[in-house]
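Here the chain labels run A, B and C in written order, and each chain numbers its own residues starting at 1.
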């Protein structure tokens, strides 16, 4: 810890709740159904999603196909509307407590059932959130003002029209800060912990991200899309840069090495992936876990000590038959196997870092080593290209990171 | 939030632990039995009550019919006496740890079994609390010096001699601040959430507290008994002021209105109640839930985020037969039905406000509307007539509300 | 509470996490097995102990009979090594996350599997802790620099060669600060709470520590071994000083007295014990619970609100047969009976004090009485002879005790 000298990635250190004014995935498209016309009977309905993202509680509803998002809090006395959602029409939500009624699209207070002449009506609104839905995900913009194009906040290629996503993504809340998730995902040396994972050993999937000898100008690449073309900002490992995998004799006659080298016999072929991490916190691995499959994973801030870990998979299929093949492969094999037999180890590692970074000033006490050049490039890029720091709400105090 | 400008009800904002120097109900009379003479054998006895009220831990014991209250903490090393109460006589309690023995009436340290010659004996005392018992409740004065008459801290009429209380009141701890309890109870617009309650629909009980068009000089009445005659201070809805109930067309062909107007067919008759809230936090509804029954409910501060919700019912009976009828009606019908099928919704609402008011600065971010004129009158009255703010003990810090 | 005037035992008040630069028992010798040679296969092994002592997380391993201790935290990203211990050799431990490999004896970083050429190798180390093992216990030195002799941090006589310890000591974590444990153990008046314990009544064990009329120069003795000969520092009750046990008539015809006076009929004989408490927090009672048995109990700080309570028993046996007799007596009688039927009451009392001392400023609000002269002598001795205050790690804030 270097006294009070600002860090080269100070913004990153301050972003415990994430970066503001970015797009984040909220959930998978199939998880929210069209508002039921019969929900107009004033009784609670199930056709809602309520998520906490960057510390903000947000209510989602799908109306005529389009998803809308509003702050899940009545302006009157602050109760969550989602505790007992009441919709007398498909386009409104009424607070269960005193009947404050809001337009779901504009957030405007359009009626108060218990005081229909109130001067508040038409003059107040709940915050609404821009929403975009594509490639199986519902994205929400956590920020102020006009949002940028979604393209700037997803990995290159994610929006390709011929990229077909498997609809049933996977998601779980992990008990650590989102940055530990992102750094774990893109960490080139953590292949060590995966070398015995059932995915790796069972399918002989060659090591992803096992490169050594990386340097700022060797085997990696910083993409500052914002500066150049308002596109994605990220850090990439350069595919096929030929950097060697490690192999170490740990004891006499006992060698530990990354499993598996791409040229070992029996290893899954076609698996020299391109790996990159992108603002505001999403990893793209192409291909993984098998050729033709692109693996995306998001680290969405929830609280300062939790993040939502979301994974989805896509493939560039050319025919309906290829699509069916991809879907079957996902359904019967990878959809559950990958998170349970590979990424479970990542979640274990992230949560094992939580105390050090959350309580013990790990951000300054950590001791980085060679492969972490990728991590620091990511931290600096985040600090240079973010559109704002998400603050704790309502003047709450954060444990300062100096 | 208007900067640091003091609020018109600043005392109220500061009273997270309640108002000091007032009487509060501790529990129901039947809940504490006469001290058992045989408890003098030094073994633990069950004839105690221990309650936390306004953050103070208090031990109660009934001796020769009268209830006494002392601070439940030995002066020596601070252990709660109630953890293992030992009474060698009916009028004393001995600390189970080192034998410090206190007179229950005066709180005086009268003996130390393990150091009978100690100079501390006779020179120290535990704080005692004034107690009054009436109408089925044991009241305790949380404050300093001479207490005022109990009359000033209960609703008018509560102490009437011909008001017979049903002995088995109802109580539960609710997970929110006591002020949210009080405001919910007296909130004229929250009838909205009760419109479908089993009590309302099953018995066609007309809406209580559903008035609209209230104003400081319309349909309500502030009673500052302190200034006038050292009597109760409260805010009342004026019975029969003729303010209309709301009725709103929320969607084409769909009208939501308060259930039930007193003149609707089949509605329970004789049910135009007088409703008022009184310092230091008690609601009186006369009648409710049925004619001839008066409903009282208390919101007793426990911690900053919990309060004890106590309900009791009385009736002005003239004969033993009427009394028996009232008791039977309570026992077989209302005693359980009212809290479980009506007030349960209030507890739901109060706890739904907790996070907003406790963590998110809701006291300044709330957006009040017309019917809340009753609430703000209550806040101002509290701020004008309270006898003190209960502080957090021992220099503990409170999250400031500015 | 005397304003901000420093206390006569200020160091003691500051030592919520214990005193630094002292030896503490970590666990019993039989609880850690020799490192398994087969553990070199890189899979997790069970031959470890991980303990939190004075807030520090420490990993222990036995190599060729000797126990070694290192800080249980990888220098890289702070994960606990013990979460998934990997040992490729008997003398090393490798971090499961990125392969940082440490020598267990020196703590030195000797390899990084995923970056074998790293400049960090050989230049960093994990903190190691001096360890001594004797009389059935593994002691660890929590401090900096060269440790003093173990003799200075155990009671006199504990290291006698002819003192045979029963190997199966007893330990439990208690939910209060270590100082409350120590003071409870040495408290001469708390015999009051034990007067009805099954141990006392069942075996007619005469009262230990029941003396009254103590004074700084009467019935007690302060031993400042540090100043004199670098030996143990402690406070002793003087055996047979003839101070009387208390006996009080608590009600007409009812007398409470310490059980049992040594000269009462049927009382266990040979039980006038010597009792002393020693830095950094260990009680010695000789004999207890029966003649020829010496009882030791330790109060080891874990966090500010927990301590590990460890008890072990020894005896000066002269023959193998005497040793077998002692072991049988411990195994079939005292080993479980003493903690469960006597010291359980102490744990109850300590936890009952936790809130007062941890939250309610009990250190200044307590009201000491005569027998506490022993406690204050202990506090002052601690303040005069400790070798340092254990600080909360990483700049964390402690609730100040002034």
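The criterion applied here is as follows: a residue touches a chain if its C-beta (ideal position, glycine included) is under 8 Å from a C-beta of that chain, and two chains touch if they have at least 3 such contacts.
Quick caveat: nothing in here was measured; it's all calculated off a predicted structure.
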item	value
Rotational angle, Cα trace of chain A fitted to chain C, multiple of 5°	120
Copies chain B and chain A - interface residue numbers shared by over half, same or different	different
Length of the line joining the C-alpha centres of chain A and chain B, rounded to whole Å	48
Junction residues of chain B - those touching two or more other chains	none
Residues on chain A engaged by chain B in the complex (per definition of touch)	40-42, 73, 75-80, 83-84, 88-89, 94, 96-99, 101, 111-118, 120, 124, 393-396
Contact set on chain C toward chain B in their complex	187, 189-193, 210, 212, 246, 248, 250-251, 254, 256, 258, 348-349, 352-353, 355-357, 359-362, 365-371
